[in-house]
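Paired with subunit B in one complex and with subunit C in the other, subunit A is shared by the two complexes that follow.
And then the complex of A and B:
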């Protein structure tokens, strides 16, 4: 094994690694006594001692080729008095190597991995915010989703929300003596706010704000005209941020010196809500993550639950799921391109043309699921209901006839436009190495020349049955991201045509549907290639009907990590275009 | 030549512009804004103008469309026989827990009865997911098609009580015809089976 490791050293992104078992074996041999297998029932991976973490991570990255750190998250094992930080790392063609670090609840401190994988940056901040795990050596360890006056760490098991009723749903007050009340009447505004001990809002000085400003780079000029940089807040209310995202930009004239996204304006503690719910009750909440791609979100979640339980949906349901997921991809790319053009200044012509087609696809979603955007269609072990009569004909008319023509027309409308090309070519360059290191995924990663598509690398559902190309381009700029999305729509149509031809008859649900289910104890991480990139769901079950831990590896948030890198040196107007080319949805960024 | 790409793009917008008039002529100007034309205008054959002139024109919701629940009752408005048995499955299954049920009790013995005394849905909290209707074993709670619920007052109008929630079975049959037909079929089959079993038992005696 060690010779093999030595050989793979120095190979770039396509480093061939043995299986995950071999890798974890090599890791254990390299760090005897510091790395031990996780032997809990239903768990996988290794547990690393905190003091060996950085070395082990470097070994994983450089010797074993695990260059992509997908997910970092905390788990509160309150019963054992332990906090755990869970990492999922991937090689170019390998599955996930899961490694964990455990610390006591009292003074949780873990070395930061930002120096090894910059993609840990936002995720470690999130874990710090939610669990209070301090990542020593993190360049900017501040709260990310909540504000600095926030009391406690909201994902800890002992933390309770202002309208707290019970640990788990269903609440006992609802039946059989359900005297109706409003949560806000019991706990009116003013009393529903908690502050951390010693925090006085009246005396609050907004140090975190100035810390944000101070943390940004300033240019010191040695010669020439001495000018000052200015700090500009783009957002949280700004038409180009696609929601409530705030981007703090330091400008030298019109040129961006440094930039930092400030998140959390739409934070609603989705994960805590999930932990209060039973497993199937979470499905409608996942629709509200990336509200443009509700079908994909639901798919990712139910696949994670199915992995935990170990069941397979029937054939027909698998096909229906793929059809819905690919239609969602088309919807998302239509919107992404449309709004990208809005950001450039082509006010609403492309986006409205795109919306025509999206409208027709949403009609299909309404027909099957009853709702256009909040579909709530996927179920554990199948889908909500079979396709209604007439659905297939309508869908065929779109997929075989209208949408291919539209994609061509969209190309004609946009791709050769000289103004667009001059605004997008060479703007927002993200080299492949950086894209991988910073955890970029989806079209953003593939436009940087990395042919990485989870549907191909780690086929889930039935994607291994379809013939499609992984779209990849190599210029790594905004224009290439646009072209990747354009081409992906064509590939989605290709998958759709195959799926529509092959779909068998049969049931769409295994077993009986129920609003609650017992799930065996253990953990599962499942990721899918959502339209925006890698969407992962990390679930820990303690054997009950509610998840002990429910974590969303949010594509949009992690794709924001390279934003500063891409924007430095460009003009302020380009920030808007680059942000548009990442394609974020704030519902998913802030959760 | 510089500018050719822009001209190419503009040819597309020009095509869209012209198509709106082609459509107008094809449908004979006034007829374009009729319910029949609306179905074409919002379909895969649509070429020209796509928009709907709401509220003058309203798109019909699909059969599975769901928007806040209602309770199905048989009988007349004065004598409502709710299908609901106050079993509480909907209240338990509801993800945001917006359903409150008080089970009726026998006034003399105090034993619980199979019907609701009170039933509330807080539609400010309801997220129209349809779980209640999906898991109801009696088809008693259903998702509505009526989405025009704008109100002046949040305090009184947004907690729907039994009176407000109740809708006749005819209404249910109207908005969800295939579901209602399937339900009636299942009921008829069940009744036929029961009758057969009864006849067989009588024969045995």
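And then the complex of A and C:
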């Protein structure tokens, strides 16, 4: 596809007014006294008073063109007694405008921005769940990752988990007299649990399940045959939910009236553990976020840390990173297409085709990192090791010969299939306006006609050196998402060929290898175009050995926001197809 | 098939070897069972993808008579706990196990299911599925390679082949279809079997209590 044509035809995000500095200046002038610059050392953006937040957000969106709200998250500045809600908004070509709202720990309440940017929906719920910040006016402010009834808000600095040992790893309490003592050995229940004093389990009333159904809409018919709607749970154990996602569907016959994803069945306290780890110790955990794309996750994280420290990896490492990230994209899209076809009913045949090629790419990952899936290969300031002997020849054979042939074969096998076309065309339409408002990203956004690829609009690493097209399609349905992924594999192969030709010799790591590192105080947000979409890492450092706040802007979770919108009016059988076309990984949804 | 089943002490005439086998009923029955284990199509996290990889061409567990993966627990013999069991998911896992018919087996796949794995120290992860349901085979790794999982299956097959008739609880009245207690999502997850312990601990207090909220 010709990129020029694609970009001129595509629906653009509004062009932002000037640079981010000008925008924050304009914001300060529009709300004098309510908006002030964030003057803490190493911080950027502005601090907005809570009562002016909604007006300021509307001004940003409508007057200044920041129509894409990327990330919403909470931070607990326990030492100052403050809770902070941090927002990152983007325009079409601009960088991030960061704005924050600060409230006291005692009664934290902030107006909700769901009415301005619907993409804030799940993220505000997450922030409420983790920090207890109440977002006034949120349509359904319930816990999202833990369950209703859970005690406390686990990301608060004064909240301690049952197996708590110390704030920082490595835990010194483990070896007081040379022996090993673990916190779990001291737990009276022999399990990872704790109860507040006076808790009587015999009297407990389980509200975790009933609360889920409260936010759902049930249609009352005015005329015609009076029928009753029924509520059906799809998941958390269901072969088509790609893991442990639970979707509560309200049905009228077979037609979907309303739908709500229920998350948290794979919530593994990634962020809390991250705050206990030193900066390099987090890297293996990032592999387990989106476990199909471990290389991309690692890349996003180390880029965020490098942004905070301000170092550059050597040339060769940059090329190796791009090669790994693009190979990961091919793996991801192969699997996304394979499992999407599973959902349609082509039980396992496309998956077996896709896994054949995946195995070959995983062999390459195993050669460089020693592990097939959890590579733990990216390092702050470079990569773990140089490519082993014989790696390049194997990779070249794959990238130049086998994979291009395979992608063509896959295309011939699948794209024109009559059943597939009738199941996917016109199903799950997501108009461009809605896609942007709901924070969709990656192939989901580009299939809606928005040519937004972070590798192009805000090139990180060395993506500005490569010639590739941003794949865009305009029908915004399941079929187009499938075709976008097909074409993106070809574009990834293009990037790979260029990178393999240009890769220089040299070192792959700046500085020496260490398990801890000096990171200056401050904050950094870095986002990359992961195979599934925009993957962001928000880091706050207080100058210590581990991050004060470590947040993952999870693509998969935010891409679930428009699911209800896409499914309403379709049949129940289409729900799994639409869900498959979004391409989620539960490890990243729930973290 | 025949030679591996034939009892070493029972001679089979030379000309009938390969067509006739003489074995005990128990041995033949177990041999059949071990080669037709149907796993449940049930993935929790990262490990699930290595489990699927094991089902595809390179590793191909159809060689062991296991290719029929069933999405319904009623039709499955084997639960592969492939991934992290979170507190929110734990009631569902136990419920699924309760719904499986005897004889039922559990393979715990990967560090998380074995004992909490890298996420053990956190607040929302069950530190090992064996706290809730009985496990037959543990497969180490994070995630285990498909080869490791296959080894786990071979181990399970050996276990099935060595089962004695008197130990097959589903033929006797003891323990058949035993229901395991489903944990409840309270302020923290609690196992109904632990209620007396929790009450006695609560009376003792102070435990490590949370101040927030």
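Note that in this section the second predicted complex is superposed on the first by the 541 of 591 C-alpha atoms of A that agree within 3 Å, B and C clash if a C-alpha of one lies under 4 Å from a C-alpha of the other, contacts with A are read in each partner's own complex, and residues count from 1 in each chain.
Basically, contacts are C-beta pairs under 8 Å (C-beta built on N, C-alpha and C of every residue); 3 or more make two chains touch, one makes a residue touch a chain.
Computed from a predicted structure; not experimentally measured.
Of the two partner chains placed around the shared chain by superposition, subunit B is the only one that A:170 touches, whereas subunit C remains out of contact. Applying the stated contact rule after C-alpha superposition, one finds that A:374 touches each of subunit B and subunit C.
Once chain A of one complex is fitted onto chain A of the other, the partner contacts of A:285 extend to both subunit B and subunit C. Using the contact criterion defined above for the overlaid structures, shared-chain residue A:349 touches subunit B, although it does not reach subunit C. In the superposed model, A:178 makes contact with subunit B only, not with subunit C.
In the superposition on chain A, A:515 makes contact with subunit B only, not with subunit C.
Judged by the number of subunit A residues each one touches, C leads among subunit B and subunit C. When the two complexes are overlaid on their common chain A, residue A:414 makes contact with subunit B while staying clear of subunit C. Look at A:359: by the touch rule set out above, it reaches both subunit B and subunit C.
Residues 165, 284-285, 356, 359, 374 of subunit A contact both subunit B in one complex and subunit C in the other. Contacts from subunit C toward subunit A in the complex involve residues 41-46, 48-50, 52-53, 55-58, 71, 83-84, 86-89, 92, 96, 116, 118-127, 131, 142-143, 145, 184-192, 194-195, 197-199, 201-202, 205-213.
Here subunit A touches subunit B in the complex through residues 165, 169-171, 173-180, 182, 277, 281-285, 349, 353, 356, 359-360, 363, 366-371, 374, 376, 384-385, 388-389, 394, 397-398, 401-402, 409, 412-421, 513-516, going by the rule given at the top. Within the complex formed with subunit A, the residues of subunit B that make contact are 2-6, 8-9, 11-13, 16, 42-44, 46, 50, 61-66, 86, 88-89, 91-95, 97, 99-103, 112, 118, 120, 122, 127-131, 134-135, 143, 159, 178. Within the complex, the subunit A residues that touch subunit C are 132, 145-147, 149-154, 156, 158-165, 183-184, 188-202, 204, 206, 208, 236-239, 243-244, 264-270, 272-273, 276, 284-285, 288, 291-292, 335, 348, 351-352, 355-356, 358-359, 372-374, 586-587, 590.
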